[in-house]
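Just so it is clear, A, B, C and D label the chains in written order, and each chain counts residues from 1 on its own.
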Amino acid sequence: MKTVTLTVKQAPELYLECENITPDTFAGKKADEIAQLPAYQGKEDTTLGEYFTIAGEAGATAAETQIILKGDCSKMKYIGIKMTAGEVIVNSSTDMYTGGWMKGGKLVVKGDVHSFCGLGMEGGEFIIEGNAGNYLGASYRGDWRGMQGGIIRVKGNVGSDICTFMNGGELIVEGNADVHIATHAEGGKIVIKGNVNRRVGGQMVKGEVIVFGKIGLMMPGYKYTKDVDLEVDGTKANFAEYVGDLGERHPKRKGEPVYGKIFLKK
Amino acid sequence: MPKVVTDVTCPFCGTLCDDLEVTVSDDNKKILSVRNACAIGSEKFNHTSLPGRVTRPRKRQPDGTFKEITYDEAIDWTANMLVKSKKTLMYGWASTSCQAMSVGHEIAEKVGGVVDNCATVCHGSSLIAIQDVGIPSCTLGEVKNRADRVIFWGCNPAHAHPRHMSRYSIFPRGFFTVKGHKGRKIYCVDCRHTDTARVADEFIQIQQGYDYELLDAFRTAARGEALPDTIGGVPKEKVYKIVEDLKAGRFGVIFFGMGLTHTLGRNHNIDEAISFTRDMNDFTKFSIIAMRGHWNVTGSGQVLSWQYGFPYAVDLSRRNKARYQTGETTSVDLLVRNEVEACFNIATDPGAHFPIDAVVSMSKKPTVTVDPHINMSTEISDIHIPVAMVGVETGGCAYRMDNVPIETRKVVDAPDGMLTDVELLTKINERVDQLMGAK
Amino acid sequence: MTNKISLNMITCRSIKQGVGMEAGKTSQKYFDACSIIEMHADDFKKLGIWKNTNVKVTSSVGSVIVKAVETRQDLYPGLGHIPMGPWANQIVPAYTFSTGEPCFKGFPVTVEVAMNEPIMSAVDVVKNACGLLKK
Amino acid sequence: MSEYIIRNGHVFDPVQGIKGDKKDIAVKDGKIVETSALSASAKQIDAKGKSIMAGAMEVHAHVAGPKVNLGRWYRPEDKLFDSHKTPGMTRIEGGKSIPTVFKTGYSYARMGYTFAMEAAMPPLYARHVHEEIHDTPIIDEAALPVFGNNWFMLEYLKNHEIENNAAYVAWTLNQTKGYGIKIVNPGGTEAWAWGLNCLTVNDPVPYFEITPAEIIKGLIETNEYLGLPHSIHIHGNNLGNPGNYNVTLDTLKLVEGYKAKNNFGRKQVMHATHVQFHAYGGDNWGNFESKAKEIMDYVNMEKSITMDTGNVTLDETTTMTADGPFEHHLGGLNHLKWANVDVELETAAGVVPYIYSPNITVCGIQWAIGLELALYAKDPMRCFITTDHPNAGPFTRYPRVIKWLMSKKARDAQIKAFKNSDKVVAATNIATMDREITLYELAAMTRAGPAASLGLGKDYGGLKPGMNADIAIYNINPDNMPSDPEEIEKAFSGVAYLFKDGKICVKDGTVVDNGNKRTFWVDVKVKPNKQVAHDVKEKFLKYYSVNEGNYPVPDSFAPHPYVIAVDATQ
């Protein structure tokens, strides 16, 4: 695997659109070619070279390419979008759409990410060492296809509306979450080690939400069924199982309705 | 001889009453009286002749005062601002005609603007919800002719849409509703006992911020499932009873307002209300309608949609693609995140209606406000360009809250020499072309 | 002793606000309609004031002086209302939960008596916040 | 205006019976003229090795108006990563299944189309339809107001008051700047206002107590009483359900005994639209099968009918129709976002996204049925190609549909690509059909045929001197037809040239001019009718939510009208 290092040399006046910072776009390119790749700030068409010092070179394919970003990327959007393989490591925070529609490979952000990250993710591994904003692993507006696969792990807290319309994959949050978790989910699994404000699993059809801490208020459409022992992310514990959202439609399997499930640690 | 103009459309709220009769002086200069309008609508027509109206553009001076400039100077300043700025917020559009919007969009496409309208702080949440789950709806005439169950949820038409109840929703007698009010059952869900609640047969006082939970409870009850004892302060017995009542109706409708769109959950509240409406269609006929605010905010959404495919917050800053993401390309977020370099306001007043952090951000950027009157935005702008009032001094197409297009009419002349929005925008567009051609 | 209460704040339309807006943002009608806070009678008692007393309302983003009044649009105790407009927006948090829609309804505020503090005009309250008010 | 002479191309023109002969086409002042009429300054266009046809005419598509626009804005995901601007003069284009107005105009033009009929205009929303038509570049457009569930019509036809109904239709065409009589799920959409439906032609409409059959016959009589350029244009009852072909045959048979009366050369009394959705056998989705042959046997025999196919293109799309109960039903099947609008006194509309997946057997069968209809058609002048855009697929897929129709090889490849191809083959006849549509037949199905059906055959759909100079030149050589079917799709995706009104609007697949788009509408003069005038006044006073004075479409909405005058006072 070959490594390309991008070091921020000037901060954008507004926000820089960096959809070209992905192993797929970099693959097969030398530093000077990468420097020529377009980047955008409003109507200003610029290049990555204007904003980054670029060292090293990419591998022949995305899978053989590692990208390291140094300096403050907190005003950079779209890093790692649609990546299918390889590795991206960001040493700071990033802005919106980081890891959006990601299909494979590994993306690590050592700081925080803003909203709409991991949108519509299909595969790969996305690690956020700080906090994440809203709509993590959700669908794009209007789409019924949110997170489909892969894994997102957040060391800190997450905002609201995480994993809306989730259909698959897994999200693990070490910290707390705000409102609206797994709304409209039809699959997938969310683990929250901390507390959740309110509105977990609203309008959920299928899928699982596992909460280690407290839920501020359970949705009226959920009912307690039984206690179960589960091993979640390496921790064994006893959980109360709730099914719902009973206000929502549910498919049937062998004549029995399939519900969304919330597991609340006892 | 004074003249009476009939079939006049009221340019105030989304109810878009089109039965006003306005008496104007012989010379077409002065409105003498307005019939059929509500208190707010009457005030709007009277506003044309209030003393102290600004009729020429003004530029803010270093000492904070405003100095009159010519339209040409204002147009040149504006066009230069638009051409120079990497990304400009072009906000408003809710109180102008669809024709003006079209010209504005052409400018935005050239200069890299983000076109956003008042839905962004009003019914934007409703639009997001509709994008998520659709919407079973109908025109207001259907409500008049058929509805026997009417729910007002988080809205107060008695104050915000004063003639809504008499024209469409509570009192009128229609084809299948010959008994009028008597044949309808009216419900009001609100955290305040409003004037609308006073005319309802049933008032459901909800704890502020629990609409999503209560709507989920309605849906759960409709499926015959168990509920907790109270939901948002409402006892479960009441929920069950109302749901049965609604199922027994022939045609139900929910009107909802900013009590849902502004409250915690925002789009989710409306999403759940729409989903409840959808569920009710398994038992009877049910519709849901958003109580849109500005008279032509719906029109702005329509024009943006047929031209770019999104109803508001349309980011044309890349100039070769239209993008949309509420929370990113929406005005308040753009301003608070300092993601634009300049602001162009037209036909609405963000200075009064945006949270102060956004207003402060706007005041620090080059800003032009186009509005017939002095308002909070004009006072923090570099340039204020006054124009003729659309719907009073010039006509144009507008869309009602149920998306029905209605033509507004010109009833009097604008003060001498004042431009209309269409004329002004066309001139700005031409100046932009010149500047960009020169580049 | 300055008494202080906490309320859940909402900002909504009212017909007077609508009429005032059309009469002109600089009109007395608009000022009278919007530079107010409506509270439940119990909250007046708790705060220890009569109606029509000026109060200072503070949220996480700022403060504003408005006049406390009673209303026909009955609130329950603990809920406060300032009609939408420049005064209300001094204290509305701009956070949008990534929806574009700020927190117009349902944010915590404190209300304290400010009997002798003047209420600024619509223009001044905005200009002041923007640092454009020449004093 | 410029003069052109198009030389050496292969001309396909059913109007003149020209089947690929090399013939020069002369253009002057927006018209096709005899070559002798040209001056020496005429510009030469070399069309060697290319095929020349008249501009294509879209007979049925949902391209402008309230439900189309709802489909646009409530599907932002339809534009995700699909918004772009091609360098040059064009505006930003966007939308896969429901393109924006700019993309709509440009895309039609790039494929060689010069006219599109908006298939369903709710009269109350006519201004909206015309605002969008106004903003759609290049192509001429018209719109059909929907009448099949209108209260005036229901009341008049219940008492068989044809003259009153005709006066009302004439008034509405004038108010809405409409083109003809559209019928969608007759009676069923009014029933839907109470959550009900009419699934056969004999189900009475609630309260109004009239049957769909009576509505259809009454509207045929109304149409012929007025002598409109187009016939009634019908989307029948029970669309989209297994076993519905019987209802379709019942509907088609209602033409028996009627004759077309008009001054426009139109021969049919009924245009049956998107027949693919109405040609289903079986009684559930498990034994769902094609009844295309049964339908076409009747259509081939009955000359008073024209039809269009409604070809499924196997894409993710957005269904939208004034058939409100159908969309409710569909939303219940696929659980995707359901939108509905009921329109007072007139109609309704529903919108639901839909994915025609090649992995789903039913979708494969639907694909086959659409193609079978065209392949069974004996008279290409009466069977037109549509995708009922965007219902069976976006119109931008016409080149692909043409490929399937023109190449058995392409069809076989698609059949093979289906996940359950054996099931698709078992439920259809497509695998056994060898017919390949010729370029000449294609010109009939997409030009001359639709033009005649719409009553525009005098000026449109052909290349005869005197006709309008709407001309498409394709990079396809009939003397050397490509063996790779993909080349056919490519050729029809981007014209070499498109002339609209004698002006080059597209060159080498790129839009070079916005043309002078016109709005077609039909202005019918009828005898003064006090009864109808009274009824209109009363309904607006009592039941509509807008004033009568605010109902008409102002002239400013159609600044370049093409008004077809009809005198029905005799």
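The rule we apply is simple: a residue touches a chain if its C-beta (ideal position, glycine included) is under 8 Å from a C-beta of that chain, and two chains touch if they have at least 3 such contacts.
What you are looking at is a predicted structure, and each value in this text was computed from that prediction instead of being measured.
The chains that touch chain A as well as chain D are B.
Comparing each chain's Cα centroid with the centroid of every protein Cα atom identifies chain B as the most central.
As a whole-number value, the distance joining the C-alpha centres of chain B and chain C reads 23 Å. If each chain is reduced to the centroid of its CA atoms, chain B and chain D end up 35 Å from each other. Chain A and chain C have centres, each the mean of its CA atoms, that are 39 Å apart. Centroids of chain C and chain D (each the mean of its C-alpha atoms) stand 57 Å apart. Multi-chain contact residues, meaning those touching two or more other chains, occur in chain D at positions 74-76, 78, 336-337. Annotation for chain C: residues touching 2 or more other chains are 97-98.
With touch defined as above, residues shared between interfaces to two or more other chains in chain B number as follows: 128, 131-132, 264, 319, 324, 326-328. Taken as a contact graph, the chains fit none of the simple arrangements: neither line, ring, star nor complete graph. Contact annotation for chain pairs lists A-B, A-C, A-D, B-C, B-D, with touch applied as defined.
Remark: chain A residues 115-116, 133-135, 159-161, 178-179 touch chain C in the complex. On the chain A side of its complex with chain D, the touching residues are 139-144, 249.
Those residues of chain B whose C-beta lies close enough to touch chain A in the complex are 85-87, 111-112, 128, 131-132, 212-214, 216-220, 222-223, 225-228, 231, 264-265, 268, 271-272, 275, 279, 317-319, 324-328, 337-341.
Put simply, chain D touches chain B in their complex at residues 64, 66, 68-70, 72-76, 78-79, 83-85, 91-92, 94-95, 98, 100-102, 124-125, 127-128, 131-132, 135, 151, 193-195, 207, 328, 331, 336-345, 348, 351-352, 542-547, 549-550, 554, 557. Residue ranges of chain D in contact with chain A, taken from their complex: 74-78, 80, 335-337.
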